[in-house]
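One chain, chain A, appears in both complexes that follow, with chain B as partner in the first and chain C in the second.
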Partner chain A sequence: MNRILEKVIHQNGTIVDRILSEHTIGYVVSDNTANAVAETSFDNTSAQAILKHLHGLLVSTCQSVVRDIDPSNKLCFMRLGTRKFEYLVAPEEYFTITVVQ
Partner chain B sequence: MQEAETDPKRTKSYVEEVFRKVQEKPGVEDILIMNHSGVPVKTSMDRQEGLQYACLYDNLREKCQAFLSKMEPAQNLTLLRVRTKYHEVLITPDAKITVLVVQNAKDTFLNIKG
Partner chain C sequence: MSRSSRLSVTETQRKSTPVVKKAVIRSRSYDGDAFVNLFAHRGARDIMILDSHGVPLRSTCSQRRTFVFVSNLKPLLFMARNVVRDLDPSNDITFMRIRSNMGEIHMTLGTDFILIVVQKLRRLRSSSTS
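Take a look at the complex of A and B:
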């Protein structure tokens, strides 16, 4: 799975560079099946914290909230804004991508 | 709305003002304003739908705030934006009230109209 991800990131290199060029502090890409960090620019501790709490807990909670209100609806994107940072979370079928800016 | 963090005054006229100003924005479908206990005080939804949104999204907001307080450094949630297939939900927590807005999504991620 990680090999496929590296291939995808390489193919979308320009998009990745654009995402990382301005105001971005870092990013985490996690594998949903293995529940592990697939790609990250943070150190391991920060990446694991984001993976465990943000991808694991908040995304599933938000998905269940959306499904409770309308079963045909689906969570596409999620943004958490604070004073200093903003977490942009994109849950996909196999990967979950988080950018901190 | 994020000003005067020390015991801000959130009177009924303030809530009415917030409601009126948000209603003027284009693309807004529903508005829901809750107090700090999660009880809806003013809404444009019907009663049952408003209670459901208030209960579910307030629970999500609490979890987000708990998550952010665990990070280093600890942070306070100022805006939560949830993009779903059909619309977009914005939650703005304050010291005493929480404003929840359901609007048509402005991005081009999906063009599905429910």
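Take a look at the complex of A and C:
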């Protein structure tokens, strides 16, 4: 699974650099099947917290809510604006990407 | 976002309260509101105003549709607030935005009210498979 991630990052190198350069505190890429951190710029504690709360709890609930409102709809992106920073969560098929800015 | 929304909501509620004589007959109570017109111009499909406990106060769509949205989005919004509080106890949620294939849902969580705007998209977006 990490080979797919490395391939995707290699293909979108410029996009990754642009995302990481502007006002970004960090990012977490987690594997959906293994529920593990695939790549991150945080320390392990923060990455595990984001993985457990955001990816595990909030993303799945949000997907269920979107599916409940309209069964033909699907969650593409989610932004959480808080007072200190903003969480940008992109749930994809194999990975879930969170950027904190 | 939260501050301007609160002012607009206050204007909306104040405008609806007094009974103006010789007013143009409105098919719905919110017709003519600047707030609703501005959002409709920007592509908003439905606007719902809830109080801080999640009881819907005012809405631009039908009662059944409001109930469907509120019964789904209220627990999600409160769960999001709890998640943000778990990640950082000194932090607090101010805005939440859910982008799906067919539309967007914007939710703002203030101290006095909760504002939910359901926005439609110009064209459908297929989810990218990486």
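To be clear about the criterion, the second predicted complex is superposed on the first by the 101 of 101 C-alpha atoms of A that agree within 3 Å, B and C clash if a C-alpha of one lies under 4 Å from a C-alpha of the other, contacts with A are read in each partner's own complex, and residues count from 1 in each chain.
The rule is simple: a contact is a pair of C-beta atoms (placed from the backbone, for glycine too) under 8 Å apart; a residue touches a chain by one contact, two chains touch by 3 or more.
What you are looking at is a predicted structure, and each value in this text was computed from that prediction instead of being measured.
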Clash-or-fit label for the pair chain B, chain C on chain A: clash
Partner chain(s) touched by A:Asn73 [first = chain B, second = chain C, both, neither]: both
Partner chain in contact with A:Arg83 - chain B first, chain C second, else both or neither: both
Chain B versus chain C as contact partner of A:Val8, first or second or both or neither: second
Chain B versus chain C as contact partner of A:Glu92, first or second or both or neither: second
A:Tyr27 touches, of chain B and chain C: first, second, both or neither? neither
Partner with the higher number of touched chain A residues, chain C or chain B: C
Touching both chain C and chain B, counted on chain A across the two superposed complexes: 49, 53-54, 57-58, 61-62, 65-66, 68-70, 72-85
Chain C-touching residues of chain A, taken from the complex the two chains share: 4, 8, 49-50, 53-54, 57-58, 61-62, 65-66, 68-70, 72-85, 92-95
Interface residues, chain B side, partner chain A - complex: 52-53, 56-57, 59-60, 63-64, 67-68, 70-71, 75-86, 109-110, 114
In the complex, chain C residues that touch chain A: 1, 68-69, 72-73, 75-76, 79-80, 83-84, 86-88, 90-103, 125, 127-130
Complex interface listing, chain A residues touching chain B: 49, 53-54, 57-58, 61-62, 65-66, 68-70, 72-85
